[in-house]
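Okay, so chain A shows up in both of these, paired with chain B first and chain C after.
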Partner chain A sequence: MAGWFSENGLLLGLALLDGLSYAALVFMVAVGLNLVFGVLRIVNVAHGSLFAIGAYTAASLGLFLSARGLPPAAGYAVLLLAAVLVGGVLGPVIERGVLRRVYGQEDVLQLLVTFALFMILEDVQKLIWGVQPLFHDAPMKFLGTVDVPFGEDVIPFTAYQIFVVPGVAVATLAGLAWFLRRTLTGRVIVAVTTDKEAATAMGIDAAKVTLLTFTFGAALAALGGALASPTTSLVPGVGAQTIVLSFAVVAIAGLGQIEGAALSALMIGMGRSIAVYFEPELEVVVPYLIMVAVLLVRPQGLFGVVETRRV
Partner chain B sequence: MTDAAFTRRAALLGAATAGSLLFAGGKAGAQQRPAELKIGITTFLSGPASVFGVPARQAAEMLFEEINKAGGIGGVPVRAFFVDEGPGTDHLVGEYRRLVQNEGVQLIFASISSGSCLACTPLSDEMRKTTVLWDCGTQRIFEEGPHPFAFRTQGYATPEVLAPLLYLLKHKPDFRSIAVINQDYAWGRDSWEIWKTAMDTLKPGVRVVAEMFPRFGATDYSTEVTRLLAARPDVILSTHWGGDLVTLVRQAAERRLFDRSTFVLPVAEASMQILGRTMPAGHVIGARGDHWNNHPRPKDPERLRRLVEDYRKRYNEYPIYPCHHMAQAISATQAAYAKAIQAKGGGWPNDQELANAFRGLTFDSPTSSITLREDGQGLEDQIVGMSSFNDRFPFAVPKDMVIFPAAMVSTPVGQKSVDWLKTLKPEILAQVPAAIAG
Partner chain C sequence: MNRLVEPLLALAATALLVLAAWAVPWLKFVLTIALAKGLAVLGILLLLRAGQVSFGHSMFMALGAYTVAFLAPQVPEALLLLPLAVLFSAVAGLLIGLFVVRYRDIFFSMLNLALCMVFYSVLEKFYAITKGTDGIRVTPITIAGQEPGRETQEWLIFGLALVLAVGSGLLVRAYLASPMGRALAGIKTRETRLEFIGVPARRVLLFAYVLSAVMGGCGGALLAMTTRHVTPLLSYWTASGELVFILILGGAGSALGPFLGAAAYELVRVYAAALVADAWQMILGGVLLAVILFAPQGLWGIVAGRLRGRA
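Entry: the complex of A and B
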């Protein structure tokens, strides 16, 4: 019995390490989606496309610059650059060109519009990058691996996976919390999130805030994609896979909740990871089982607040 | 005069009659021979499986262009109608009917997905339309009932999985434990069932230390790789393909999993040029057939070279196995029309006559000859080898290749694969041909 606990305890340790890394990637995507919903009140299906385009841009830029002698360490700056480029260009175009026209419309119409946008952007990806898998793993290879003790054995993990990805996620969470609570712009965003009507009455330019927030959310989605790109292979449909899991995170967290997104991403990451070790058949459904369990107890999500209907 | 007039009248009448007969005959021929040979082709143009579907469409476009330049099939130019399998089987069933009823296609090439093929073959029965199964692999198609208008012009799951197992048993027979990591859908589950059934029959007692079926299209296998590193199986089987395989191999290679276990990757070929030098050497790789670019004994080396070079020039990449499968379907169609037209004394065949021509047909691919059995299943050889690198290709290709004759690794007509695999005897290993260095 002691042996069983000892062996499975070690496995559980590995599972938690894996879960942390996975949770960090999921959080990076979901947090932008959550932020955008908080301000725009639009469930943006095209968020997955921004993730994919961020990843493709990072990989393409990385490959292009590597071929021209860019040192591997500079690959991390390329990841950030890709996020800024995608967020800065596509964010305003989508918000001003499309979303602005459906604010305040029926939820179904908003969903259809963002879904249409998602489909269009999927085809744009195929037009630009084709259908063959694309990857650029220099940022992952640069840091090498770290041997984690496992009984008398060692298990190699990539340093990128256990340090960089969770590190960026923690920095994003802390940075966002600081930005939203300690800066004027952040407080203005929070004010619009809380009560757009009252904020507008007090002189806040809500249109500017929505533009800024969407651009920021788009950049976060693109950063998630860029961060994932060194470890994964980019193929058509990668955005669709991501957005589904992000919705589960947002539903568990409560729409508009940043810290909630972090906690729910952690729950999903750990739950999935433990399932892979101890009951692999449940791996696919674990995130959704967690979501159903949370929503049964708290329909508004872990951190969501019950909204009173205004008449 | 009278005689002369009679003769003139008779001659004119005769000429008119003969002319009208000739005209009628010519008209009847024109009615039967269409202005163009319309072929509906279902393939993935969207989603993760478009990594197969788009190259196959490219191959079809290139080959039809060549065929049309040379006068078409049976003198009729070919026109292809491509349909996307991406939206799912319900959509595809509607598209199949539209192609037959609205577009008037003479035959259909279906499909990449096994689910798509399972949906299309009953339609081929119902609509009596010749359907060439050009890429899907499920063994269920011809094992669960006859389909008189359906023909598969390549191998299928059973030989594609059994051949790598026999290769492993022959070349690395001492393994005692195995783990599987397959995609969570029909192919991933079926291929494991085929492997495990055959393995339990031929080498009982192998310990299965992990069975993992991550979701199709997963972007991260870190957790699965960690578990495999901890479990230390002697062999890891994965029938992953496309972007999923590329991601798995990269993540596993980076964390030295290839140093601890021997991988068996039956669908590796299509991902080798994407992986480049990332694919480690010394692991068992397959191609869902015999169409490796370094095939050691192609039946028609010039035709193989031309196909590879033409495709490379046009699309700036090597053709992968779906391109070869598409080429096989087109070759089979050319051969079937030639056979049917000959059988009809030069006339254009109807649907039944075309199907009759496909049955039992033998046609040449660039690498070998393929025969369609009486149940419609094609017998295609399988080449399996060890991943290695040489100066000819910037990516892994097999060495120590074994060409498995199709009949050796295919379920006999009328039997179900799982039942047949249980009857295999260890003596089959003695029949495995010798490896060719490559």
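Entry: the complex of A and C
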């Protein structure tokens, strides 16, 4: 064991750091998926596409603006702007234009509608940005690298991936917990999630809450994508990968669990990146295997509550 | 509607297919593929009756196709390869089914998707065995002892597909009318009640799942014999999406729906896919959306509506 560690310690350190940043990104998407499910009772298969479109928008916007002399430090504002833009435009369009028409219909149809949206958005993304990889890493380079002590070794790693990405995720988690528990709007969302009928009877405008929540969830996914854009070159297929991973996170945590999603995002993120460094062949399979393993033991997820069966 | 209408329509459709294949020789190839896919879609129809939609059924098509590709050199006879494909997909369907029938709704859908993607990456990564993305060329095989001469063999495969399609259609009709089939609808409405009257819901669903896997495997085997080339893409999520699309397009109300959908889909694809290769998924998604919003019973629903209006 000691021998293995001195040989592979560096690699393991890299994997853990990479996994941390990856987990933060997946968490951002999963938490939005969770929130939207809570209010709409629809698992939005197109949620991963919002991540991809957020990433592409951020990269394009960043390239466009920095070519016109935008200081690199302002690049972070651009990431946020991209998220607000994508969430603010696509969120209402999808919710008002499409989803609203299928509320109350069969579950299968609702699922298929979001699947159709997913197919459309995947191609929209290809039509706008093509299939050539897109890369804009200025926001990551700007912060440089930090030396992370790991046992006897020192690992130089980008500060962006160590501080900014997980930082935003932690802020999202804390902010969301505060928002949902302490503010009026937040508690209204929780009320609609718990019992839509009762909430409506108390005078809550459920349609407005639905629109708000969906837009917010879309913006979170887009923010995840925007944060991811400096760390990787963007290629088609990101959307499909993201939705499956973030669904895995939600399923492992249990539908509706936000803090739990943070923990399961860490499991998935770390698991995947350890696979990338040690058994690259298994990269694609590991998140699924973790999900399958957890669901085998606890079908309702790690933190999920067993639903009472209606007769 | 008269109980005889469906079989009569099926008979007419069969005659029409044979006529079309005879009049326009290249159509034979397209129609054989449509029948093969229709067969797999028929399997998904069973699951939809229970309110469950599988986003991963192309994995059984791929399994059937690879079974043919792997065993063709040793067993170069279609009438032996087909039962082998059935056997393998039945075993796979049973093993996977034992796991996935414990879950409902989105969990069911996404677990199928996950397993399908795992199968895809297994096919893609293990180059030594599966030749990776290059795929495997299916070596020449005999059909009912007939040596591979192009014209006769094309007719034989077409006939084989037609016989299997009609046979499975009849089987599905009988199955759905039986108590086992009726119980599927019970899973959709209220599973708990089903169990209260002593029907083991999981076993009912498992049976349907194995049957659907067999139909998928059968369709895949036919596909491999027709196209003579198999690649991991057969198991990619887009292939599964295509099957779900065909089902909704054709309509899940009758065993004829999947074949109606598959024929329409393949015929349009011959022309459209070349013209708009970049936006193909988008068009599929758009049509899927339109069908769900405006004609939720699919093409079959339109046909049936017409017939009912006339009668």
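The rule we apply is simple: the second predicted complex is superposed on the first by the 276 of 311 C-alpha atoms of A that agree within 3 Å, B and C clash if a C-alpha of one lies under 4 Å from a C-alpha of the other, contacts with A are read in each partner's own complex, and residues count from 1 in each chain.
We adopt the following convention: a contact is a pair of C-beta atoms (placed from the backbone, for glycine too) under 8 Å apart; a residue touches a chain by one contact, two chains touch by 3 or more.
What you are looking at is a predicted structure, and each value in this text was computed from that prediction instead of being measured.
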Touching partner for A:L296 - first (chain B), second (chain C), both, neither: second
Touching partner for A:A207 - first (chain B), second (chain C), both, neither: neither
Touched partner set for A:D137, first chain B, second chain C, both or neither: first
Which superposed partner A:A15 touches (first chain B, second chain C, both, neither): first
Which of chain B and chain C A:T232 touches, first, second, both or neither: first
Contacts of A:K126 with chain B and chain C, given as first, second, both or neither: both
Shared contact residues on chain A - chain B and chain C: 122-123, 126, 240, 281, 284
Contact footprint of chain A on chain B as seen in their complex: 46-48, 50-51, 53-55, 184, 210-215, 217-220, 222-224, 226-227, 229-230, 232, 242-244, 246-247, 250-251, 254-256, 271, 274, 278, 317
Residue numbers on chain A that touch chain C, as the complex places them: 43, 98, 101-102, 106-109, 111-113, 115-120, 122-124, 126-127, 240, 244, 247-248, 251, 281, 284-285, 288-289, 291-292, 295-296, 299, 309-311
Residues of chain C touching chain A in the complex: 48, 51-53, 55, 99, 102-103, 105-107, 109-111, 113-115, 117-118, 121-122, 125, 190-193, 196, 237, 241, 244, 248, 278-282, 284-286, 288-289, 292-293, 296
Residues of chain A defined as touching chain B within the complex: 10-11, 14-15, 17-19, 21-22, 25, 122-123, 126, 130-133, 135, 137, 140-141, 145, 150, 153, 155-158, 161, 228, 231-238, 240-242, 272-273, 276-277, 280-281, 283-284
